[in-house]
Amino acid sequence: MSKKLWSFKFSTASLVLIPAAVGINYIGKLFAGLLKLPLWLDSIGTMLASMLAGPIIGALSGAINNIIYGLTMDPISFVYAITSIAIGITVGILMYRGLIKNIYLAILSGIIVALVAAIVSTPINIAFWGGQTGNIWGDALFASLMAKKFPMWLASFLDEFVVDLPDKVASLVISFLIYKGLPKSLINLYSSDDEIERL
Amino acid sequence: MAKIVVEGLKYRYPLSQKLALNDISFEINEGEFIGIIGANGAGKSTLCQALTGIVPLFFKGDYGGRVIIDDVEVAKSNLSEISLKIGMVFQNPFTQITGSKLTVYEEVAFGLENMGFEREEMKRRIDDALMLLDLYRHKDKNPFDLSGGQMQRLAIASIIAMQPKIIVLDEPTSQLDPQGSNEVFKAVSDLKKKGITVIMVEHKVEKLSEYADRIMLLHDGRLIDFDTPSKIFSKDDLKDYGVVEPVFTRYCKKIGLKDERGLYPVTLDEAVNLVVKKREHNS
Amino acid sequence: MRMMSLYKDKDTIIHKIDPLNKILYILASILITMLISDFKILTLTLVFSFLLLAIGKVIKNVFPIISFSLIVLVTIVVIQGLFNPNNKIPLFNIGQFVFYKEGIIYSFLLILRVLNILCAFSLLILTTKPSDLIENLVRRGLSPKLGYVLASVLQIIPQMLSTMDTILDAQRSRGLETEGKLIKRLKAFIPLIGPAVMNSLISTRERAMALEMRGFNSNIKKTFLNEHNETSMDKLIRYLIIALIIFTIVWRLVWLK
Amino acid sequence: MNIIVKDLYFYYKEGEDVLKGINLEFDDRCTAIIGQNGAGKTTFVKLLKGLLKPKKGDIFIKGLNTKETTVAKLASIIGLVFQNPNDQIFKNKVLDEVMFGPLNIGQDKNLAFENAKKALELVALLQKADENPYDLTLSERKLISIASILAMDTDIIILDEPTIAQDFISREKIKNIIKKLKEEGKLVITITHDMDFVAENFERTIVFNQGQVLLDGPTKEVFSKEDILKTAHLEPPYITQLFKRLGFSETVLNLEEALNYKIL
């Protein structure tokens, strides 16, 4: 794909992709809840936006996702905008480097995304929650590591990582499957640097 | 003068093998009501998009020929400027609501704000547009609380507020119930009375025949014919193009009932009048 | 649900304050809670925020917002009380678990911080109409396009949600089962999310065209339908908050030495 | 009897009844349900399908009470094609999409494949079986959503607004599908706003108005009651209107019938 990776010139199509991405995140989370899945699946929209329109639109989708959550539900989401931005950027880069080609690479990429998300979230978790994530399983691990005198940053990182790993891998695999099923005309809509050919 | 001149228009969407528009030429005069008919895939939507500059300015692809509105070639202009000359209304009322405004009144203002109009001018235009589309009493409602027909009229009002001389409507009633469609047809005929050129893609040929001055028949990206409703629907090979004449015309064709010019009636009134005339003549 | 928002429509002086000032107040609040670890000051600022919320008549609406973080806040006391690396002085014990003073103090500091920030945010969220907030920011130089994106999300999401039920019905009509073993439920996710994604992506195409036909990409300077006047009161408040922020930073720097 | 509806009441919000005391029986006749938006038509078919359960009264589908039967079980007896195909299509191949339902209700791979092929042939889209549904037009996707229900081979098929946004050719296709299903002895029920379509294809017509059955009977009889139709804001078919204007007292339903009269 010959598209410029860091283009800041947004087409209208890419911009209206952002509300759609935030909506998909939200619906993903609700469907996951409805099916009682032990995952959040609330970053599928962000990942799809990155795959379709690059890391910047992906990052914006992530940021706006958290701003909207912050405004309408839980203000703490604002600070985790940084994590969402990191997810958007990482998926965008992996995609445009051609690294998300098949299901195995998608799983591998999911691990990378989980790693990045955990690294970015850890300082926030430490500043706000003394290292916890609010997830019962993750926090149980955190408590047991703290009891064994692990350094707090490592315990906090592992707390976040075990929680993120299954979720981000599943999210990325699902996003990849959906992306693969998209019609070409739609994919083409977001790559803005086609030229008009004279007939 | 709001005249549309189309010369040798050709277009192929990106990634597509087939020409969506193939060597189309015609002219439309100010104040005309033009209907466009044709089977799915005939190129009706693409033609609408080419008239309003969406092709090739939004969808890129391969483009040839020219579309000229008011001596301006659309392919060399930009969509914001074009929107002051020619507006476009789409199929789905939902997707045309911006979603960023909380009232009908503010929704109509969206385009005017973007084009930098002064506040007083803006208000004047919004009032006019809402009156014309019979939406003024809903001006403080949330756009998403409107019925389908009202929402589609809001989309038209938002375009009309930009005061284009020409409005293109791509199947604006296809997703509405009969009541909503009637509302939209009435609104569109009011636009014509105001002197606005109306170009409308529509499958409901009975309705279209009542309003259109001329009808354009498209097939496979080509312009097959462009003439008055009577002439178009009196053709005997319409089935080959995947379109059907109004039910009145179909009936009269079956029983061989035509007027002195050899044309078949296309509306209920025309059919009734013709029968009455023939009956008088026979007795 | 027409629009996602926690805004409570009331007629109070707090509601009338310029949204930008409320954002500055949040910034000040974060800065103070992060830079200063003094219980008295943090309690004072928290009380002040509550006072403002009370004037804005939204105090009872704050509790649902805090409840989002409640479980974590409780577990923080437990985990830090038990395992904080600096723990030395035992305070009390429950069964065989010993809680330490250092951890408990640290956890209370964290809780005060979080409450401070939550209350400052609540002041903005509960007393400002989101559309006013966004328009205000656009007037002050936020890109109108980003402004559009933010504003539209609030209304487009509820629209998308209304398709959720239809999708669920349509797929159940085709025999999709949404209950049972984990693997079965996991498999049901794609038939549900798939149409939702396609629906929203397809509508982006038409919405983008419709926006372009309404001058979305115009280079002309945007005007506003609604008038906006900044009062001298708003200016005064702004200078006060900025002064407070500067004072905090300076004080922290001096105090560090 | 295929379907028996007894004293059916339904509401989404208590106190705001959407359906108020519906009593209906459905035999094998092709039936159209018409009425204004908000008359309760879509709610009614969702109740037939078991997606909603009656608040009062009962619905029996082939003898099964919908209150006591799961949606999954009913899925193999009664099929419902939703109005917007984009609310259900998620596979990236037309054939897979059409096979989804049959596989869900327990048809084995071969049978599902055969049924899907047959259904696609019926909607004349077999040659596009390997394409991505979203590369096709909305009208074609609508036909795919119809095929995806036909392939489930249910005895009862409900179509919600099949002709909306359809051109002449697709309309003819749907007409033929209904005819074919009738020949196979299946019950076809259709919700529609398209009066000419009703007059051309349906033996029986039921008019819903404000949650109640306003008219029910042979289509011809229903369209002869112009005054009652008017109260439900419905207009008779164009050809019916023409013959009324020309002074005929009989109700002329469609072109075929019209040819039996001499108007001059």
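Letters A, B, C and D mark the chains in the order given here, with residues in each chain numbered from 1 onward.
The working rule: contacts are C-beta pairs under 8 Å (C-beta built on N, C-alpha and C of every residue); 3 or more make two chains touch, one makes a residue touch a chain.
Keep in mind that this is a model prediction, so the values were computed, not measured.
Q: Comparing A-B against C-D, which pair counts more contacting C-beta pairs?
A: Result of the comparison of C-D and A-B: C-D.
Q: Please tell me the distance, in whole Å, between the geometric centres of chain C and chain D computed from their C-alpha atoms.
A: 47
Q: Report, in whole Å, the distance between the mean C-alpha point of chain B and the mean C-alpha point of chain C.
A: Once rounded, the distance between the two centres reads 45 Å.
Q: Go ahead and note the Å separation of the Cα centroids belonging to chain B and chain D.
A: Distance between chain centres: 30 Å.
Q: Using the touch definition from the top, which residues of chain C touch two or more other chains?
A: 148, 152, 156, 190, 194, 198, 202-203, 207-208, 211-212, 216-217, in rising order.
Q: Would you give the residues of chain A that are in contact with at least 2 other chains, written as numbers and ranges?
A: Residue numbers touching two or more other chains: 12-13, 19, 181-182, 184-186.
Q: Multi-chain contacts only, two chains or more: what residues does chain B have there?
A: 58, 91, 99
Q: Name the shape of the chain contact graph, picking from line, ring, star, complete and other.
A: It is complete, because no pair of chains fails to touch.
Q: Over in the complex, which chain D residues touch chain B? Could you list them?
A: 36-37, 137, 139-140, 164-170, 193, 195-196, 233-235, 237-239, 241-242, 245-246, 255, 258-259, 263-264
Q: Using the touch definition from the top, list the residues of chain B that touch chain C in their complex.
A: Going by the criterion above, the answer is residues 49, 52, 54, 58, 78-81, 83, 87-88, 90-92, 94-96, 98-102, 105-106, 109-119, 122-123, 126, 142, 144-145, 155, 158-159, 162.
Q: For a test of understanding, state which residues of chain B touch chain A in their complex under the given definition.
A: Touch residues, chain B against chain A: 10-15, 56, 58, 60-65, 75, 99.
Q: Name, in rising order, each residue of chain A that touches chain D in their complex.
A: Residues in contact with chain D: 180-186.
Q: Show me the residue ranges of chain C that touch chain B in the complex, using the header's touch definition.
A: Touching chain B: residues 2-3, 131, 144, 147-148, 151-152, 155-156, 158-159, 203, 206-227 of chain C.
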